[in-house]
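Look at the two complexes coming up: chain A is in both, with chain B in one and chain C in the other.
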Partner chain A sequence: MVLRIARKEATEMLRDGRFRWAVGIVFILLVGAFLAGWKHYADVETQRMAAQEADREIWLTQGEKNQHSAAHFGTYAFKPTMPLTALDQGVLPYTGVSVFMEAHSVKDAAFRPAEDATTVQRLGSLTAASTLQLLVPLLLILLAFSAFAGERDQGTLRQILSLGVPRSTLAFGKALGVASPLMLLILPATVLGVAALVLLAGPGSPMWSLGRAALLVGVYVVYFVIIIMLSLVVSARASSSRTALVALLGFWLLTSFIVPRLVTDAAEAIHPTPTSIAFRDSVRAGLTALPSWSDRVAEIETRLMDEHEVESPEAIPASVAGYALFEAERDETDVRRAHMAALGHRYEQQKTATEFGAVLSPLLAVQLLSMGVAGSDYAHHRHFADAAEEYRYDYVQVLNQDMIDQNAGWDFTVDRAMWEQIPPFDYTSPTAGWATRHYGLSLLVLVFWAAMLLFVTPIAIRQMNVA
Partner chain B sequence: MLEAIDLTKTYDNTVAVDRLNLKIQPGEVYGLLGPNGAGKTTTINLFLGFTEPNTGTAKVGGLDVQVAPLETKRLLAYIPEQVMLYQNLSGLENLAYFTALAGHDHYGDTDLRGFLGQAGLQAEAHTRRVSTYSKGMRQKVGIALALAKEAKALLLDEPTSGLDPSASFEFSELLRGLSKRGVAVLMATHDLFRAKDVATRVGLMHSGHLVRELSGDELRDADLQAIYLEHMRGAVLA
Partner chain C sequence: MLKTILRFEAKLLRADGTALLTAGVFLALIGYAGYVGIQYADEQQAVLETHAAQYAERIAGIRQEVVEMEAEMIRKGEALDTKVELGRRHPYMVGSAQGRVITLMPGPLSPFAVGQSDLQPNALRVTMGGSQALGGAASLENPFKLLVGHFDLAFVFVFLFPLLILALTFGLTASERETGLLRMVLAQPVRLTTLAAGKVMVRAVLLFACAVLGTGAVLLMTGANGGGGRWLLWLLVVFIYGGFWMALAAFVDSRVQRPVTGGLVLAVCWLAFVVVIPALINVVASTLYPVPSRMEYVTAMRTETSVAQQQGAASLAQFFDDHPELASVEADEADYAMLRVARDERIAEALAPVEARFAAQKARQQQFIRSLGYLSPAVLAQQAFLDLADTGHARYAAFTATVEALHTDWKAYFVPKYFAGLAFRPSDYDAVPAFTFSDFSTVDVLKRMAGPLTALVLISALLGMVAYRRYTRTTLIA
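Let's look at the complex of A and B:
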């Protein structure tokens, strides 16, 4: 009987031109946004692979030079783009897809699309994620607001309830009827998406991408179920379908735009992060507190004169420059990493505060989970940046150590054999489990919303007024 | 088949139905007469279980409506002043949907068309969208539903108001047919003429009270209008 009710709801919607248009437009937007996202992903991925190869070649053929010059010559780390970022770009436009690594520093965030963006793009670009997060719920509301209120206005509610059909059956049928155009949309999209992942994404990536894809579908399905249940509750309680529509549109507006904005501002106010200039200044202050280069050289000279029992710096039979560079790199890296860690901690605190804010708007939890599972969030960027920093420190110190080992001065040079000793940067993206654990709180809040509505919906429908 | 025992319903401070006792046997057509606000619609809502009585019970087929809301509804068919149907569906689709919801999903199109035919809806209208239907045609879909449901009792709320005389006459014929099959009918109406024509028993209701009942020869010979006016005026004076 549930299916029968769902079929009738779907038939009615299909015959109503307004709904046909609305569903059609959302479908076209979703497919369009996904294709554009996929194209962008494929382009970036092709460019990345080409650039990565070219950069390695540049490193290997840099010619004969001093180790420390090579450390400053530097190399790029390219972040493998995850296929699901075709759906959700997350913070990628701001973090970019590569970092430049050289002695003393990682230059963060090169090639950020946000740098090239015009002001219009600040309004937000159309992505599959924004369609799923904003337009699909709006469509669900438009399909579901009249479920009970509209039938009550028409008088058909009395008619069907006089037939002896259980209210719960009616509610299930209505929910299924509203969900059916959506299922027509999501099922083929999922099949196509999985096929695309398996066939098109690079080797190795399908295995972990499939788990993430399933998780992503799950998050959105739970969100849509929340919206449908809420619409049914409001429709059952509202005095007319007009009131139901106004109330639901108010909820949509509030939870899609106002609450997320307020929560983000509040998180920033509670856990403020320094501006990039302030951050750079504080790192610089930390570095200035270290011994100056001349003091460091003097200290090392004294130490080495003692060690080698010689009287003058000139007589030291070891690479003063090598030791100085090695130790300076070590100390500076400690300072820089401590600052980065503190900043990262701040971002984590902001993220947690936002997750709590999802109690007021389930969309916040969905947005965080969507980015996180797609791999386009700050945490994934940080994971990559940390790996790049590890790699940078290791290779710079290999070069500095080589100066020490070879007793090299500033004019000493090495060649390709040395460059080949340094392996290319090989980055492994974190697993789906890692991403999920990182957003455990969001998942919990989303489940809380669903559980609350699972509890409230039957009550609202039982107590619904017939006339 | 339909029974009210000391049935009472008050809204805020007004008594809508006051200690109503009523028993309608299979095959009986009971005309419930009275002005607006007399409690006729409330009585029907109580039999449908849409409102809860303060005291007393409403029974359908011997079952308390409050105790067995779904089972009693399956025995009933309800035809309001305006039978409400889904505008975007045809009469046939509406009937198919309603009968399926009533638990009779075993009917094929031919069966359903048969019921519509018995209810007097011409064949060419069956597949037309209901938005093009007249009021009388909608009532016929309601009757077809009662037939398809094999309802044992029929609750009618002003079923003939707004129908033209010939449609109204046709409706009376259909009610007589149902009554012959043993269906108990409770018809709330303003239409004294129709009530006298089709009812086997008539009750006059005022301010929630059943003030007069007429049946058999008494009803056939009565000047219903005079009795009605007398009671309503009397009630107003009292």
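Let's look at the complex of A and C:
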């Protein structure tokens, strides 16, 4: 019986020209957005690999120089992106693409692509994710709003129920009927997308995982189920199909455009981001609290004079500069990392507040989860920036240690053999599990929405007015 | 007759809760957006003022030190206009170490639209080597917030204002047609066009009054410092953009039998014009004219820096070849400042084509969007609003050009000083190239907006005319 009802609903929709048009347009947008996203991803990845390789060559061929000069000459880490970012760009346009790694500096990545984009970008960007997050739910609402309310308006609801069909069967059939024509849209798109990813990215691609793709599909399926159930509840309770439509469109509008802005405003108000000046001043204050360069050198000279039992600094048979640089780098890095970590923690708090806000809008949870799983969220960015920072500190200290080992002064120089001892920057992206754990709360909120509707839907259907 | 209809419609709207509710929601939205905008603009103003003040203080401090050093030298009987080593008295101190910090102060209407001000640098340090961005108010903004966007007045007017219009105007006459009331009304000596016009006018007056009052209050709270003209233009854009949506509502109303159908059609129009088409234009522009990733730029910069560093002497020789007006200095006599100038010039020359490629691609995108923007009134309105708030493309482009001009002047002023190696005297501090950014006048902005706004007026007029003809030909008895 369920299948029969579903078939009737689906046939009715498929016969409706407006529906065919709508699905066609959404399908074209989805595929087009994915292709554009893919092209962008492929372009950027090609450029990144070339840049990373070129930078290694520049590092190796920098010529003969002092170790510390090389630490200032520095090297770049370029942020890799995952194939799934072709679906969801997330915050990639608003985070930098490269970290300059040099002595005495802990930096976030620079060059945000959005700085080179036009103002229209701020009106919203068309990606496969935004199509799935905004347009598909709208389509679902338009399909489902009249499920009960429409039948009631026409007086057919009483007729159907008089046949003895259990209400739950009817509801299930209607839900399936709404979902199945949509499969026409989602299935080919998914197959096409996965095939493209497997063929084009290849299993050897740096950060590609089928697990992530499966997770992404799961998140969207749960979201669509939530929208279908909500539409059925509203349709069952609304006085007319017109009221049902207005209520559902209002929900869509609020949760898509208004709540996300209000929630992020609130998150920012509860956990304010420091201004750039306040941040800079607090880093400076931390650095000023450290011993000054001359004090540090004097202290090291005294220590080394004692150690080597000599009378004057000139007689020290060790690299005072090497020791001073090594220790200064260690202390400064501690201060700078602590401030960067505090800022990262602040963003993390804002993210958690936003996740709580998803109670008001399931879209927020989906948005966060989608970019998290695709690898285009801030957490992945931070993971990369942290890896670059680890690498920076290690290589700078290898150079400083070399000054100590070689008893080097400021005019001591080393050559390519030394540069080759520093391994190239090799970044391993986090696993799908890591990404998901990061959004546990969003997952929970999404499940809460689904569970709540699973609980409410049967009640609403049971109590539905027949006329 | 129109007067009677206006009076009746006003009464009807008052009696019906929706009008009051819509007006209340509209005012609340404007109030919240104004609050967000004012807070943001105040913070930005404070950060920029701090940058400017800290710079002025630092320069004054160094100058004071130089004055004291000179007083000491005079006491010792030493000559002041001699060659100097790198240090406080060397021109390098001001030319390269300190440079000039310049700030782009928010315009009078900046609380109305955050625009690009949270992405583009508003404070820069210009030195011999180029310009570097200093942190602005929003430079540490959470990237997710940047993605979601700000709840500012531009958002309220571009996104939500049309919805409020549609909520009030859908089913303009269709609901009376559906209930059969329209026949009774038209039995009176009144034409359907007059009736529709009256209905539109009452709603327009209500919403426009809210816009005037709401934004006027926000403007007053900001202190209005010279923003009156821009505010009036803002209202003009609101009027024209709102006019488009009203004309569209009338157009749809004149062709549908049932208000629900009309509502759906209008909702789809909103979705297309405000959400889908702008996003589509954006993705097409960035796919057709992709701006290369800055990674490529970084690599080019690195290669040139490395080459220039390794060939310091050759760069210097090349530099003297290019600048015969400067007295040549042997490589072993050249100080750090001179080598640096030669190196920077070489890097800049090598990077010029890369920079040009970026600029050209960005210009193509902008041009593309300017032409395709006509497909979506929302894009036109957004561009106009940002322009009025001084947070749009045009102002940042003009600012960048002025910064580049200052950089050129700065080099022209300091290069001879570096190579002469003479002391930078206290009086020289007053002679360094000044930064003057002449902001767009309200008339300039109006000129830029004239084309798009005229187009919008023409489209609305066309829709209105078609609706008018349709109304005149409507037969009530089917």
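Here is the rule we go by: the second predicted complex is superposed on the first by the 457 of 467 C-alpha atoms of A that agree within 3 Å, B and C clash if a C-alpha of one lies under 4 Å from a C-alpha of the other, contacts with A are read in each partner's own complex, and residues count from 1 in each chain.
One rule holds in what follows: a contact is a pair of C-beta atoms (placed from the backbone, for glycine too) under 8 Å apart; a residue touches a chain by one contact, two chains touch by 3 or more.
Nothing here was measured: the structure is a model prediction, and the numbers come from that model.
Q: Quick check on the superposed pair: does A:8 touch chain B, chain C, both, or neither? Answer first, second, both or neither.
A: The answer is first: A:8 touches chain B but not chain C.
Q: Identify the partner contact of A:420: answer first if only chain B is touched, second if only chain C is, both if each is, neither if none is.
A: neither
Q: Is A:295 touching the first partner chain B, the second partner chain C, both, or neither of them?
A: It touches nothing on chain B or chain C.
Q: In this superposed model, does chain C or chain B come into contact with more residues of chain A?
A: When the residues of chain A touched by each partner are counted, C comes out ahead.
Q: Does chain B (first) or chain C (second) touch A:163, or do both, or does neither?
A: first
Q: For A:154 in the superposed arrangement: first (chain B), second (chain C), both or neither?
A: In the superposition, A:154 contacts chain B only.
Q: Touching residues of chain C toward chain A in the complex: what are they?
A: Touching chain A from chain C are residues 36, 43, 46-47, 50-51, 115-116, 119-120, 134-137, 139-151, 155, 158-160, 163, 260, 263-264, 267, 271, 274-276, 278-287, 290-299, 302-303, 306, 309-310, 358, 362, 365-366, 369, 373, 378-379, 382-383, 386, 392-393.
Q: Note which residues of chain B are touching chain A in the complex, please.
A: The contact residues of chain B facing chain A are 45, 48, 50, 69-74, 76-78, 80, 82-86, 88-89, 93, 97-98, 100-103, 105, 149.
Q: For the complex, which residues does chain A have touching chain C?
A: Going through chain A, the ones touching chain C are 29, 32-33, 36, 39-40, 43-44, 47-48, 50-51, 54-55, 58, 61-63, 73, 76, 78, 90-91, 93-95, 97-98, 110-127, 130, 134-135, 138, 241-242, 245-246, 249, 253, 257-258, 260-262, 264-265, 267-268, 273-277, 279-280, 343, 347, 350-351, 354, 377-378, 381.
Q: Okay, in this complex, where on chain A does chain B touch?
A: It comes out as residues 1, 4-5, 8, 11-12, 15-16, 154-156, 158-166, 466-467.
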